[in-house]
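First chain written, first letter: the chains are A, B and C, and each begins at residue 1.
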Amino acid sequence: MSNQNLPTYTLSEMKQEAVCCTPTPILQVRDLAVRYSNKAVLSNVSLDIYQGCITALIGPSGCGKTSFLSTLNRLTDLHPTAEVSGHILFDGQSVFDDTVDVLALRRRIGMIFQRPNPFPLSIRRNLELPLKEHGVRDRYTRQRKIKQALEDVGLWQEVYDRLDGSALSLSGGQQQRLCIARALVLEPEILLMDEPCSALDPIASNVVEKLIMGLRGRYTVVIVTHNLAQARRVANYAGFFWLNERVGKLIEFGHCRQLFEAPTDALTAAYISGVQG
Amino acid sequence: MAERVFTSVIIACAALVVGALFWVLSDVVSKGFAHISWAFLFSEPLDAGRSGGIAPILVATLWVLVIALVVALPLGLAVAVWLSEFAPKHLRSTNYTRITLDILAGIPSIVYGLFGNAFFTLYLGLGYSLLSGGLTLACMILPVFVRTCESGLRLVDDDWRRGALALGMSRPSAVWHILLPAAQPAILAGLVLGIGRATAETAALLFTSGYVDRMPESLLDSGRVLSVHIYDLSMNVTGGDDAAYGSALVLIILIILLNALAQCSADSWFKRRLNKA
Amino acid sequence: MSYCSRNDRRWHRILTLLAASLAVLLAFILLFLLYESWPFLSRLRFEDGPFQNPGWYPLEGRFGFAPMIFASIAVTLGSILLALPLGLANAVFLEFYASPIIARGFRLLLNLLAGVPSVILGLWGLTRLVPMITQWQPPGASLLAAILVLTLMILPTIALTSASALASVPFDLRAGAAALGLRLNTRILYIMLPAARPGIAAGVLLATARAIGETMAVLMVAGNVVQIPSSLFDPVRVLTANMALEMGYAVGEHRASLFASGLLLTMVVWGLSWVAYRVGSTTRRPHTNG
């Protein structure tokens, strides 16, 4: 098993060097703070997300990692009591500008959730609906894109004969891959993943993890995970969040290998070595 | 574009419903207010109700309500307590009792009227009387009252039950001193629901408490309740519309007053219980 | 200790007896309905049953329920057809458009409307709605008037149950739809409403049961002519109204036929509640096999 994994690891290491030799930031986050009904959950977060790389965010539960992800595509708008301050620059434009087209923003920044959330529709409808919504009128183009997305997540072989069956009849791992396909079909630039493997069994989790590694280079991925080994396997960059006086803070951010092998902060070192994990 | 049409349709529908409600209420309040006075409340109806007041009708309404509540409240509470505290949990009889309640709650009120007419007025020989009417209403509000109370008792934390029993309290006194006060909101909701239904009911009373609009002399005397009065004035008495609107306003005010009264008395009763315990 | 438990047991027994009295009540109601309608039911044969139409001439012993059954169905269906889209729109407004304060006020208004006694809605329909329809298409008291008043009555039920069904759609679905950049109307029409379908259907069935069992509001505005209506503006008499109108003087087989119609109505309402219960308990959720 470990023999099988080893080549993949080195391969990704090679890819990492190839893609990220000259990192350009696609998202610049400065002094970000989030409050829910006047209770601060996240404060003072500044980091850059580099194009084409995988950035992993680690840290204990409840330290604001999910809230951080939700600010990037302005999903915080769904919470009426959420207040966000600070700056997020995406392609040089602030995400929080009133002039920003939120729907277009969310098309460019896709999101995968912790628990698979396929719509209670057919498999095809799940992919077709967002395409239609974003103006892909031609049926054949849609069909081509749906097939492409399903192939990208390795689901095409498993479901091509039951595209009109309910998406809820799929297994958990398949549902999650369908959700990834649903995000990919819109050809986003960035994919946000909120613990995409935590609700899956180990085998399905492995499949999804391989899939995420395959996205490197084509997409910018920000992934929240509790699984340190996983973060280490997939990520180029890593950020460590910690709960400081009940408010989430970004403690350390840097190259994945550096953060795991030579953390500068004592908290990070302790968390990684499992003392406080 | 489509979104704007959708939004306007939704808002138009909401406005339509609000408009209709205000139309009904403003009609009832303005026309009713024009007809209402102290003399209207405290005098006998004359000329089939076209002029004069509604004193005997108010008296009959209150008597019917009192009879219904006096019968339904203790019985309903007892059954609710039995269902949530004493009934064998997974036994058929418990389930059957619940199904029975739901079936009873589903019977249309006019059918309760038929039953009341056949059973109370004829079979038991109570005749068209306040007593028949009140008992019929008691049967009608019982199932709803039991169901609301039972769900409230069910929500009471099991720790309280265990705690009371661990202190060596007998189960009846645990119910009386701990559980009933804890379930107060649900009991109150059931009471308000019951009062609302009983006061508004017309069809079940047409053939049980009768139409006679003079002052009832005893519980075995026939009496006309407010809702029947409104029906009779508007349908059978030409020129009775103004008095009907006056009575309608009185009925609405009565329901609001009774609800407030139920709220206050339940508050003080439960407060006494909690202080004593 | 033994005293305590004996006391407990005595209470248990008393309460059990009281609970049993409910079953007795139900049995009594059914028994009396059957007993009273027996003279009618015993003479019922399939070839000249109530679904044939010999006309409703109770004094001549001709009891044809067909026009009234038809009227009941027409009034109920009509009011559901009107109240369903309106109620859904109101539920959507409540859940997705109204700010928390407006939503609270709106909910209060809907509850208020649900609490208006049906006889008052009937009075309002009779003195406001019917004259307006008369000016347009006499005679005024008609199928249409009954449908409109009944719509007003069942609308709050549909709106409030649908709103709570929408509110209980998993947040994951809501967030997933938003994260794809779907417009609000697409999210509501294609994701939220389909996901909330079981709850909405249960609410609609309960409203249907209420509409078909409603007496006063319909009685006061429908005109109460026994006939199969040929248009929306024809006066009709529904089953419940028939009972309310004729119980006062009915005797013998006539009275029995009224009780039989009550029995029929009860069966229909029970059937609807049962279906509502079954539909409401089949909740469909994602991740069930995850």
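Rule of thumb we're sticking to: a contact is a pair of C-beta atoms (placed from the backbone, for glycine too) under 8 Å apart; a residue touches a chain by one contact, two chains touch by 3 or more.
The structure presented is a predicted model; accordingly, all values stated were derived computationally and were not measured.
S.K.: Which chain's centre, taken as the mean of its Cα atoms, is farthest from the centre of chain A?
M.R.: Result for max centroid distance from chain A is chain B.
S.K.: Averaging the CA atoms per chain, pick out the one whose centre lands closest to the mean of every protein CA shown.
M.R.: Of all chains shown, the one whose C-alpha centroid lies nearest the global centroid is C.
S.K.: Taking each chain's centre as its mean C-alpha position, how far apart are chain A and chain C in Å?
M.R.: So the centre of chain A lies 49 Å away from the centre of chain C.
S.K.: Could you tell me the distance, in whole angstrom, between the mean C-alpha positions of chain B and chain C?
M.R.: It comes to 18 Å between the two C-alpha centres.
S.K.: On a C-alpha centroid basis, what's the spacing between chain A and chain B, in Å?
M.R.: 55
S.K.: Mark out which residues of chain C touch at least two other chains, giving numbers and ranges.
M.R.: Residues 183 of chain C touch two or more partner chains.
S.K.: Spell out the residues on chain B that touch chain C in their complex, using ranges where they run on.
M.R.: 2-3, 6-7, 9-11, 13-14, 16-18, 20-21, 23-25, 27-28, 75, 78-79, 81-83, 86-87, 96-97, 100-104, 106-115, 117-119, 123, 139, 142-143, 146, 168, 170-172, 196, 199-203, 206-207, 227, 230-231, 234-235, 241, 244-245, 248, 251-252, 255
S.K.: What part of chain C is in contact with chain B in the complex they form?
M.R.: Against chain B, chain C makes touches at 4, 7-8, 11-12, 14-16, 18-19, 21-23, 25-26, 28-29, 32-33, 35-36, 85-86, 89-90, 92-93, 97-98, 106, 109-110, 112-113, 115-124, 126-128, 152, 155, 159, 183-185, 188-189, 209, 212-216, 219-220, 240, 243-244, 247-248, 258-259, 262-263, 265-266, 269-270, 273, 277.
S.K.: Considering the complex alone, what residue numbers of chain A touch chain C?
M.R.: Touch residues, chain A against chain C: 73, 75, 77-78, 80, 102-107, 110-111, 113, 115-121, 129-130, 133-134, 167-172, 175-176, 179, 182-183, 186, 192, 199-200.
S.K.: If we count contacts the way the header does, which residues on chain C are in touch with chain A in the complex?
M.R.: Residue positions touching the partner: 99-100, 170, 172-183, 186, 190-191, 194-195, 284, 286-290.
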